[in-house]
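In order of appearance the chains are A, B, C and D, and numbering begins at 1 in each one.
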Amino acid sequence: MKVEVRFFASLRDAAGLDVREVILPDEASFDSLMNALEHELQAGALDALRADNVRVALNQELTQPPFELAEGDEVAFLPPVTGG
Amino acid sequence: MKVEVRFFASLRDAAGLDVREVILPDEASFDSLMNALEHELQAGALDALRADNVRVALNQELTQPPFELAEGDEVAFLPPVTGG
Amino acid sequence: MHREIRVQEQDFSVAAEYGAARERLGACAGAVASFVGLVRDLRSGAADEAVEALCLEHYPGMTERSIEAIVAEAAGRWPLLDVVVIHRVGRLEPAAQIVLVQAASAHRSAAFAACEFIMDYLKTEAVFWKREESRDGARWVEATAEDRHRVSDWNGGG
Amino acid sequence: MHREIRVQEQDFSVAAEYGAARERLGACAGAVASFVGLVRDLRSGAADEAVEALCLEHYPGMTERSIEAIVAEAAGRWPLLDVVVIHRVGRLEPAAQIVLVQAASAHRSAAFAACEFIMDYLKTEAVFWKREESRDGARWVEATAEDRHRVSDWNGGG
């Protein structure tokens, strides 16, 4: 199945890209995605994604891993936000 | 000497006028002014001027009676204020 | 600090005041807080009594100085860059603008606090009087207990 | 309650938003509080380092919903009549407008509180990221400890 992964702000800098389509076996979980990303992203990117202050959104809703994935899911890594 | 006396808002309603020139003997005080006003204003006006929540301004500065008056002084009676 | 205080019968333009402040401020202000008070068509505290007009009276000279004192107090409490207070007087109909307070600072906390502080003091300390006219007659409005509590809160009161 | 939330690259007009709100409100609102955030030319915390631009990034869809949640929370806390939030994204130079929050209510306390509440939550909860560009490079900005304290205060924290 295909999952779209998005990296924002400092995590985009760390990952070296802003969006990536990742192919995973059926019944994959968030952990399988992280394993796949370890091979696809530049060195150090995974540490940045795993930092304590990084939040994960599944289909644009904040979701605490672990969670299962389905075809077409959108997973986003969000560093600390600030607007205004 | 001449003193100008001003009445605002509800006190203007009570006094029946907004400004009055009052002639007082030299070395008159606020109390002499009140005595003079008692004769010049309509009935009940003095009670309104003496209410606890009325403040007095001498030459546009809030001033606590008693005080002495001088030629040309402006005395104003201010009911509770509210702006905004 | 730029400060501007006007008491006037004519209406004011929020857009013009905001535009002028931005020109004065350049890029040193990060925050502009503003407040506009409007005439409501309902008498305060009586939901079913329509207000036909609000008549505002002032004491020329003393009123302006009372506002200057409020703005000076605010400027002493917060690092403000620009303050504008415009207060109308005369007979105002429902929906009309009564007052504008606009405060700019480097940061939002000072701008917000100053704007609210000035409004609270205008309600209780500035030399104005208000008469509400309704179909059943007119009455003089006084500052509410809440208004007085808000001013007391600025002074450490409970 | 009328609510309007926009995330956009183009600039906004405070005058137009205020005028439109007044048209919608008629004579039922007594209070319109508003706040505009502007790009300062100094890096926060470093008085002598000039900021050349602020780049705002967002997550289309999720960002708008994060603002809607903040406005809904404000509307649950105070009796609001009209709320407008416009937040710009993209590259903004010093003195540019970043954000407008405009809140109308019958009374000023609700309008002020809602405006400040929404700004505090935009600083800490809305899905935006900011990068400050200066001559020496760029850095990602985070919400300050003060920002987090202000949000904690809205929730009864100390």
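The criterion applied here is as follows: contacts are C-beta pairs under 8 Å (C-beta built on N, C-alpha and C of every residue); 3 or more make two chains touch, one makes a residue touch a chain.
Predicted, not measured: the structure shown is a model, and the values here were computed from it.
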Most widely separated chain from subunit D, with each centre as the mean of CA atoms: B
Averaged-CA centre spacing for the pair subunit B and subunit A, given as whole angstrom: 77
Between subunit B and subunit C, centroid-to-centroid distance (C-alpha), Å: 28
Distance between the centres, which are taken as Cα means, of subunit D and subunit B, whole angstrom: 50
Overlap residues in subunit D, where contacts from two or more other chains coincide: 37, 108, 119
Per-residue multi-chain contacts in subunit B, two or more chains: 84
Chain pairs in mutual contact under the definition given at the outset: A-D, B-C, C-D
Partner subunit C, residues of subunit B touching it in the complex: 6, 8-10, 57, 60-61, 76, 78-84
Residue ranges of subunit C touching subunit B (in the complex, touch as defined): 37, 56-57, 59, 61-62, 65-66, 87, 98-99, 119, 122-131, 140-143, 147
In the complex with subunit C, residue positions of subunit D that touch it: 14-15, 18-19, 22, 25-42, 94-95, 106, 108-109, 111-112, 115-116, 119, 146, 150
